[in-house]
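In structure tokens below, several structures.
Consider the two complexes below, in which subunit A is the common component and subunit B and subunit C are the respective partners.
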Partner chain A sequence: MLKLSWWKYLTMALLFYTLIVGLLSDVPRLDIVNESIRNLYFHVPMWFGMIIILLVSMVYAIKYLRSNQELHDIYAVEAANVGILFGILGLVTGMVWAQFTWGTFWHGDPKQNASAIALLIYLAYSVLRSSLEDEQQRAKISAVYNIFAFATLIPLLFILPRLTASMHPGNGGNPGFNSYDLDSRMRMVFYPAVIAWTLLGWWLVSLRVRFSKAKNQLRTEAHAAQSEQLIND
Partner chain B sequence: MKKYLISLLFILSSISPSIAQAPEMADAMRSNGKIYVVVAVLTIVLAGVLFYLISLDSKISKLEKELKD
Partner chain C sequence: MFEIQHLVLKEIKLEWRNRAALNGLLLYVVSSVWVVYLGFSLTVSALSPIIWNTVFWIILLFASVNSVAKSFLQESEGRVLYYYTLFSPQGIIFAKILYNTLLLLVVAFLGLFFYIVLMGNPVQDFPLFCVILALGALGFASTLTMVSGIAAKAQNSTTLMAVLSFPIILPMLLMLMRVSKNALDGLDRSLSTDEILTLLAMNLIVISVSYLLFPYLWRS
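Then we have the complex of A and B:
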């Protein structure tokens, strides 16, 4: 039997909790959103997870610039990849929710537009990486880009949508801290849901990092064998 | 004779509502607009994806062990 680290069991338990309690527990009865209010447990954690994982990516980018260790670059890129995946899932789930509550898939809501721009900025990170041949140059340039990408993410998602009218709750005007009308029953599922989806994202990152490391090791071993043969010949 | 028939009809009509009533079954999965069916389906999907993730995890672990040797 495979032994998993404790946090992976925690991830699975929290995911099942989110799904079952999230669908069956009592929620506020509101017009327009109706039962779709439960999307709070599935759509919003995608964005929370994305931001946390992209923050980790940026931290590893800074670490790479300080240490020049290849492993830090691998962490940065794989975290960015999972962050992009969560962002796409957040965008698509948001579009479905918008269709049935706001009336159109693309409402042009400031937060919707800004998150699409943020995703494009991160997709450009992938394009930038694949356009650079030299490994060290690629790692260094993309680490610098990563820091700027995260720096633009914050105003795009948290500041600009608050400066204009937005359909997203807590946006348009200054929400302060306690004016979120998040029900205390919903918090009991929402916070575990955020932890669950973020940990699942981190699980994916760790698998991709381990896969990348193994691939790199194979490549360097093959290189070493090849050059040894060249010397012998 | 007629009296008997009427009383028989009377008895039958008093029974019939209990006949029309559905026999008691395990209806938990069908209640509340069958939301429990959706919960079951999503739980299965999540379990399947997590199982796949665990097997991927173990495969990578094995690969790492092989590379170490």
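Then we have the complex of A and C:
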């Protein structure tokens, strides 16, 4: 029997809850959005998850700069990778939603553009990593870029869309969630969904970290075996 | 303070001694303005303010990336070690930002001059436009200096410079385009204060983050 820690069971339970209750429960009838309002349980929590996971990545980058431990670097990278995955998922779910409510996949909404830029930043982060050879230098420099990028990401995601007209709720004079569509029944699913997607992200990160550690271990062992062979010869 | 002053003077001296780079840069701006002018050739008079504005900022963005990119690339290994023993990293990053700001101010205003000569001047609130341009030079300089420090450590750093800097400079660029559009249309200045404050805040974030992070970059 597979043994998992308690929070992994919690993740599974919450994800099933989100899926089942999210798709079966009653939702408010609103014009235009109609049934697609259920996407709120998937699209929005994915964004929350992305931002939280990217925040974790930045925290590990700071930790790396303070401690110089390789493990912290691995955490920072893998969290950034999962952040990219969540960003793509959030973008795709958002595009499908936009197609059915706003009429086009790419609406040029400030938040849509901002999230595309956010993805570009983290893709640039991986390009930077792959173009640095020395491992310690790579870890250090990419940690610096990670923190720098996150600092510029915040105005991008939170300040800019508020200043321009946007069709997202809560922006450009539109009322926020609280005032109309997020009634108490939806909250019952929405908040668990946020926790579920974030925990799933963290689960993915920990899996990827274990994979990386195993790969590093194998590589050092292979090196050791090789050098031993050379000595014996 | 003394240290920063010294370092800035040193940068200026170096630039002046090696005028090929500076001249190349200024020529870069002028020729890109020329290319744009010829591209639009007969329709310059029909150019809408929004296109005038966007094209101008894009020219400036590319010129800035090119001019700041060399600020760390041109330093030889030995010289970096020498600075390392003499100056604090904070002093170096401030001096570089300051110097790059000066450089970009020259580039921006020269670019603006040629742009106006060739493409006409639809700006209605010119003083405000100049203030925005100066803010833009400061913002570009501070962001790009840090990025060039990062890119200089890697291989194929010229490509990397663009890849790393474009996405993080975009929020600033969008803000700049918005306010300068206000200046272009001669809107009341009170409408632009919010954006200008946001721009100042962004500059402050970037500069303070550079101040905190550069020592780590420098040590590697």
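Convention: the second predicted complex is superposed on the first by the 224 of 233 C-alpha atoms of A that agree within 3 Å, B and C clash if a C-alpha of one lies under 4 Å from a C-alpha of the other, contacts with A are read in each partner's own complex, and residues count from 1 in each chain.
The criterion applied here is as follows: a residue touches a chain if its C-beta (ideal position, glycine included) is under 8 Å from a C-beta of that chain, and two chains touch if they have at least 3 such contacts.
Here the structure is a predicted model, which means the values were calculated and not measured.
> Between subunit B and subunit C, pick out the one touching the greater number of residues of subunit A.
Counted on subunit A, the partner with more touching residues turns out to be C.
> Quick one: classify A:156 as touching subunit B (first), subunit C (second), both or neither.
second
> When the two structures are overlaid on chain A, which partner does A:214 contact: first (subunit B), second (subunit C), both, or neither?
First partner only, subunit B.
> Return first, second, both or neither, reflecting whether A:188 touches subunit B, subunit C, both chains, or no partner chain.
Neither partner.
> Touch check for A:203: first (subunit B), second (subunit C), both, or neither?
first
> Quick check for you: in the superposed arrangement, does A:20 touch first (subunit B), second (subunit C), both or neither?
Only subunit B is touched by A:20; subunit C is not.
> Taking the superposition as given, does A:145 touch the first partner, subunit B, the second, subunit C, both, or neither?
Second partner only.
> State whether A:55 touches subunit B only (first), subunit C only (second), both chains, or neither.
neither
> Which positions of subunit A touch subunit B when the two form their complex?
So the residues of subunit A in touch with subunit B come to 2, 4, 8, 12, 15-16, 19-20, 23-24, 203-204, 207, 210-211, 213-214, 217-218.
> Looking at the complex, which residues from subunit C come into contact with subunit A?
Touching subunit A from subunit C are residues 143, 146-147, 150, 153-156, 160, 163-164, 166-168, 170-171, 174-175, 178, 194-195, 198, 201-202, 205-206, 209-210, 213, 216-217, 220.
> What residues of subunit B sit close enough to touch subunit A in their complex?
Contacts found on subunit B: 35-36, 38-39, 42-43, 46, 50, 53-54, 56-58, 60-61, 63-64, 67.
> Help me check something: in the complex, which residues belonging to subunit A touch subunit C?
Against subunit C, subunit A makes touches at 65, 114, 117-118, 120-121, 124, 127-128, 131-133, 136-137, 140-141, 143-145, 147-149, 151-156, 159-160, 163-164.
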